[in-house]
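Before anything else, here's the structure in question.
To keep things simple, chains are lettered A, B, C and D as they appear, and every chain counts its residues starting from 1.
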Amino acid sequence: MIAVEGLRIVAGSAVPVDDVSFTVGAGRVLALVGESGSGKTSTALALLGEARPGTVVTGSVVVDGSVGYVPQHPGSVLHPVRRVGSLLRETARHAGVPRAEVRAAVRDALCRAQVADPDELLGRHRHQLSGGQQQRVVIAQALLGGARVIVADEPTTGQDTPTRRRVAEELAALVADGVTLVLCTHDLALVRALADDVVVLRRGVVVEGGPVADVLGTPRHEYTRALVAAEPGVPGVRGVRPSPDVSGGTRCAPKVSGGPPLTAGVPVLTATDVTADHRARGRSRRALHGVSLELEVGARVALVGRSGSGKTTLARVLAGLHAPSSGTVELRGEPLAAHLTRRRRDQVAAVQYVFQDARASFDEHRPVLDQVARTALLLRGHADAGERARACLARVGLGADVVTRLPRSLSGGELARAALARALLAEPEVLVCDEVTAGLDTLTRGGILDLLAGTDAGLLVVTHDPAVVARLAEDVVVLDEGRVLERGPVAQVLADPREELTRALLGSPVPTPTR
Amino acid sequence: MRGRLVPGLVLLAVPVLVALLGPLLASAFSARGVAFGGTGVLGGDFVGRDVLGQVLRGGASVVGVAVLATAVTYAVSGPLALLAATTHRRAVDEAVMRPLDVVVAMPSMLLLLLLVPIVPGSALVVAGVVALINLPDVVRIVRATALAVAAGTAVEALRMQGEGVVRVGAYVLRSVRRVVLTDLGTRFTGALYLVASAAFLGVGLSADDPNWAVMVDANRDGLFVNPAATVVPALLIIALSVGANLTSDRLLGGAR
Amino acid sequence: MTAVLPRSRRRVLPLPGSLGAYAVRRLGLGVVQVLVVAVVVFLLTDRLSGDAAVVIAGDDPDPVTIAALRAELGLDRPVWVRLGEWLGGALSGDLGSSLVTGRAVTAVIADGLPVTLLLAGLTLVVLVPLSLALGMLAARREGGPADRVVTATTIGLYSLPEFALGVVLVTVFAVQLGWLPPTGIGVADPAVFVLPVVVLLARPVCSLSRLVRAGMVDALASDHVAHARRVGFSDRAVLWRHALPGALTPAVQQLARTTDWLIGGVVVVEAVFVLPGLGTALVDTITARDVPVVAGIALVLACGTVLFNLAADLLARLLNPVAS
Amino acid sequence: ACSSGPAAPAVGTPRPGGTLRAAFAGSGATETLDPHTQNLYAELARAKMLYDKLAEYGSDLSVVPRLAERFEPSADQTRWRVPLRAARFHDGRPVRAADVLASYARILGPTPGMRGRSGLATLDLPNCRAIDDRTVEFALKAPYAEFPNATAALGTAIVPEGATDFDRAPVGSGPFRFESFEPGRRFRVVRNPEYWEGAPLLDAVELLVSNDEAARVNALLGRQVEYAHDLSPTTAAGYADRVVVTRLPRSSMQSLAMKVDRPPFDRPEVRQAMYAMVDREEMVRTLLAGSGTVGNDLYGKGFRYYADDIPQRTYDPDRARALVRAAGLEGVRIPLDTAAAGSGMVEAASVLRDQAARVGLTLDVVTGNASTYYSDVRDEGVLAVYRSGALPIESHISQRLLSTSATNFTQWRRPAFDALYAQAQATGDDTARTGLYRQMQQQLHDDGGFLVWGFSDFLVGSDPRVGGIDPTAPANTLDWARFDRVWLA
């Protein structure tokens, strides 16, 4: 059982969490919801008895029993040197699993965390896992740990729809076993499916709380109503907050002047027959098998696929971060060097990539604004780079008070948006976004999608979120085990998916209620 | 935090002040007496010179050689290591590392014994050889430590922004600063050590030169007749290196 | 017509980038390294002032005698001729013989090697656990009393060169207390090695433990260690199994240099404690300008260094999977 | 000067038995047992145990016949008849005239590195002959009144005819028999009961090698050895209460070698300035810590023929300063070569530089390479720190001061001086010869290139149980390192 009373977190002059109180009974599920930066992660950390550096926590937090934690950014908590298997086995042994059963227990936990090929993954290092795989390994670790209380921060962000559903089922099974669960999420469908109670946070303050059915069913507070209304699948309703202005003001990515005329139907970026390999344990594994892709001027293409299907790999090949084993990438008919450092500056600017792990993509020692502004200066030579950066960051919803801080004091969603702004400032012709909206609440996500829709850049959006596909993309490419499974206009694919997998991936985003 | 800085700083300040101001005062202490005898406060050294005078004169060269050698080592090897760690061209990495492998395989004592006598008695040559000896070690340590950072997402993001070698290098360096600074501290100590060892092996600075490290060697025969002649310079050297290392530790500790 | 290799043939070599391939490549390189070292040493020793003939003549440097000696020893021939001859011999396993005594270089090496190996081996056996322990002790509480004591002691010991430390230890433990033999003169007592090993340790323990500490402090502040704590692993487990593996890279690089420090230390320690090993032989033969012996010893030392470096590099790759 | 300190030997009367362990400095792996190529004190001590020479130097460097019964010159000093003592080699063969001639032939033969060659060079070998098994007759190329000196010189040991294996199975006629040898480490010999001068007292002697002086002392203190050769005055002072220190007087000459054929030392007044500038008392006090005496710019104080009636030079800074000024040497930098080729050489340079500075002379100390130092300064440079072990005055002159000398460190080449030397060697009469040596020394004292500021003692440390160490014999002489006379109480 968990009891939080008057929790207040002070960070200098800011108060990320103010007077938060709630209780969670044993074996019950509490969901913390709220927009990006509302204080979910801060509260979750307080439950673990931790504080971000530079913050002071007051109030009382009582938690019965050991706490398992699934952090929002799973990449950094996995050991950089030890293999996944060794880590999980140690966790199992620590949880008291008898020696002889450790292997089986680890396998079982990975299966429950929806890892398809546990044996393959056990021998990998953390950097050899895809984003979703890292997350599932961390979940498996939490499952193995045998804690009676689990705090899960966005446990399903990086997962494809079927996986997300099954992870939710596993969590439900845990709760059925009497585990207490605190869930920080922006995924209201997950909340409905899993949670007993919900606490709605806004700017660190509880705006509303109570049983799920009451709060989400008949939201009393305007903010909650907006959150619910912005939920995908419920078209027509926008957030109460004015969504970022797409038409006027400083545009992050104005038309590239002086370039060739931008006419639709002209391919900007072409990838031909790209194969790519990863090395693990001295052996080579093929991640992409001859993928071809053509992106036209201003086109908006969604790239979907199961976790681990090679989406990030493809995106990185296009961006010049991973050298393909064969195949070519061309920009307006001109071949691009396999590696970024050998591309010309204008080519780098033309093809920009937003990293899947936003936190890892920032230099932890410099303020976010300074880092973001460098793009405008270096790639576009704007003398007023600072101003432009400020404006662009404001358009993704990040105020000056936030962006002048160091990355570690920004929330996950805030950093994701800053990373997007950083890429937009390059005024790219092609923008490759790797799960930029994965960590965002419904409200913020709406704004960001509008912003993306308004740019002139060709977009290749890697996503697990059918709503994003529906809302943003014109075409969709489905990747499976490194091969293109299906492609076509969104409407057509959505209406009549040829493959079972496509149906599963782009099907109902809402997990079937399990309890 | 402030208070914790004090012991290190005091340890550091004593030898540094003696080294800097000593030469100005030294002329007052140049009487010559019997070997390891004499009338000075600290007695005489192995040729009967006033130990106090020698101590006052002998700091500048020790500190100078050690600082110079360490500075040269890092000025050359830091950029090389960062280049090797951050480059995406294997050829560049190899071009940096393989020649160094030859120096690495060369026993450093042998380098000292063979290279220093080329210009006997020159502090600059000693500093140069000490730097050369340390060079491959530093490159290897910094490169190895930096590799993990250089392969990270943050560096990719910097490249994606069009950042060049300098900024990428600066970021990587900053991420590995603790290891680098720690290594720098021990290299500095190591430079002191090598100067003294060279004296012991009969190469490098002449036993006659005022230099704390050399004094330790030259006067050790008189350890029982006039302990001050060996112990005082040895203590100053210890204070210098312990002080430097404690201070750098503390500064790093405060920075996080 | 193009012949197609049978499938199996293509797989004979380990994949580029695999540990095995790396080791093979490095070994090949090692042979080159060792030869280059031998050549450089040969040339450098040769260009030191004077030559074996002058040294043999000593304080009676009669030019006629010296000239005769030179002719007899073949020193009147150009250096590259002698180098070529020596290299040719070395490649076929014959390291030549001493200019001064005519003894086979291999015999000189065989005389000195056991003592040196024993010293180095004993030191290594103590070194690694000791520096790990000290480094971790210091890192547990950065800036705490243990940290400061460990730092001050290791640095202090390292600031004292081996000969000074040796003098102090001998005076206290051998001459005053009489617990241990002061020198290795004419004795075969294993106790002779105690003090030399202690002296030899001072330097590497300092650099190693400091680097272990630096790596550990960073690792202990990292997310994955924080997470290991959350999982509830014991302090020991967190320290040894979670913080340490990621913290070792710089220390392993430094460990790779141990052979080198040991050679340096051994030269001095052997002199102070009168242990007739390779270090002493090296100094003596350099003094005597006995070029073939110096080059031969350098060859042996370089082999040791190269092998040890290789081992450390392999370990480093295991510890740094991202980079490999 | 003999033993000092409270640890006086309590050794009683000579007593046979026991093994003496002695620590010497050596040269490690490059050491050899060949008695004809030796250089180091350790090697000399080893040779002395295994071999005999025809003669040795006494404590005043006069010749003491050994295997030779006596030396009988012809009137013109060109033929020397030498009857041999009845002695046997360790393998039982007698020492014969043929062995002597074979040994000298080997020394004068083509093998390089023979130490005795320069002394024996006057031998007219083809005309030397064995009169009978026990008598040799030497023929010389020129008159050489001091020929016996050559038979006592370094590297003139008598080995059996045909001997080749010196390192593994050396056979001599000396007081000890070979047992084992590891270069740079250990050398062991056992008593030769049939030694012609009577069997040694000790059962065995082990000679151990350590180049580090501190280690030798420590070994002595730690009872790892009973005899430690060549200690520094400082150590001797520091441990006076725990070990017995024997001072072997005047074992080495401490000097400066000025090259008289080149500026600035080609001008006699500059040499005069140098003579006056050096404060010899201070040098002896600070550098030798009292273990030595001042010199009078002449070699061989206390040795036979030494001209001790020439007045002692004194310290006169004013005169020196005036001379320096007059010579216009103020502000001129003169390089002073030195190297750690012998103990105290670097230190001497340091003190001399300071003393020179007091009279306005600037000496730049250049520390060179120890192992090649003497060859480096033989013909190069102008001023060098120079140190020499004990030799007869005649040898010093013939090797270093004649126009024909191969190692003329001062470039002193004076026909008049050469003539005096030749005359002395042709003179059979001792008094007349003494007079000639007096004249030569007067010339050297007046404006020679050697500035001999002192003579240092050699210090030997020993365990209080060791008896029989002769305190009057300079290093290199007969009674130095004479282990056949030593006993363990």
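The definition used in the following text is that a residue touches a chain if its C-beta (ideal position, glycine included) is under 8 Å from a C-beta of that chain, and two chains touch if they have at least 3 such contacts.
From a predicted model like this one, the values you see are computed outputs, not experimental measurements.
Novice: By mean C-alpha position, what chain is farthest away from subunit B?
Specialist: Comparing chain centres, A lies farthest from subunit B.
Novice: Could you grab the centroid distance between subunit A and subunit B? Build each centroid from C-alpha atoms only and quote it in angstrom.
Specialist: Using C-alpha averages as centres, the distance is 48 Å.
Novice: Averaging over Cα atoms per chain, report the distance between subunit A and subunit D in Å.
Specialist: 89
Novice: Using mean C-alpha positions as chain centres, tell me how far subunit C is from subunit D in Å, no decimals.
Specialist: 41
Novice: Mind checking the centre-to-centre distance between subunit A and subunit C? Centres are C-alpha means, answer in whole Å.
Specialist: Taking the average C-alpha coordinate of subunit A and of subunit C, the gap between them is 50 Å.
Novice: Considering subunit A alone, which of its residues make contact with at least two other chains?
Specialist: 80, 127
Novice: Would you please write down the residue numbers of subunit C that are in contact with two or more other chains?
Specialist: 48-49, 167, 271, 283, 320, 322
Novice: Mind pulling the subunit D residues that touch 2 or more other chains?
Specialist: Within subunit D, the residues that touch at least two other chains are 214, 368-370.
Novice: Once the touch criterion is applied, which pairs of chains come out as touching?
Specialist: A-B, A-C, B-C, B-D, C-D
Novice: Under the definition above, what is the set of subunit C residues touching subunit A in their complex?
Specialist: By the definition above, subunit C touches subunit A via 14-15, 17-20, 222-224, 226-228, 230-234, 237, 241-242, 245-246, 318-322.
Novice: Tell me, which parts of subunit A touch subunit B in their complex?
Specialist: Those in contact with subunit B are residues 80, 127, 319, 321, 339-342, 345, 348-349, 352-353, 355, 357, 360-365, 371, 374-375, 378-379, 419, 422-423, 426.
Novice: Quick check on the complex: what are the subunit B residues that touch subunit D?
Specialist: My answer: residues 32-36, 44, 46-49, 117, 120-121, 202, 206-208, 220-225.
Novice: Any idea which subunit C residues touch subunit D in the complex?
Specialist: 48-50, 53-66, 68-69, 71-73, 98, 100-101, 103, 108, 111-112, 167, 170, 174-175, 178, 181-183, 185-187, 271-274, 276, 280-281, 283-285, 287-290, 293
Novice: Can you name the residues of subunit D that touch subunit B in the complex?
Specialist: Touching subunit B from subunit D are residues 213-214, 232-235, 237-239, 282, 285-287, 289, 340, 346-347, 349-351, 354, 365-370.
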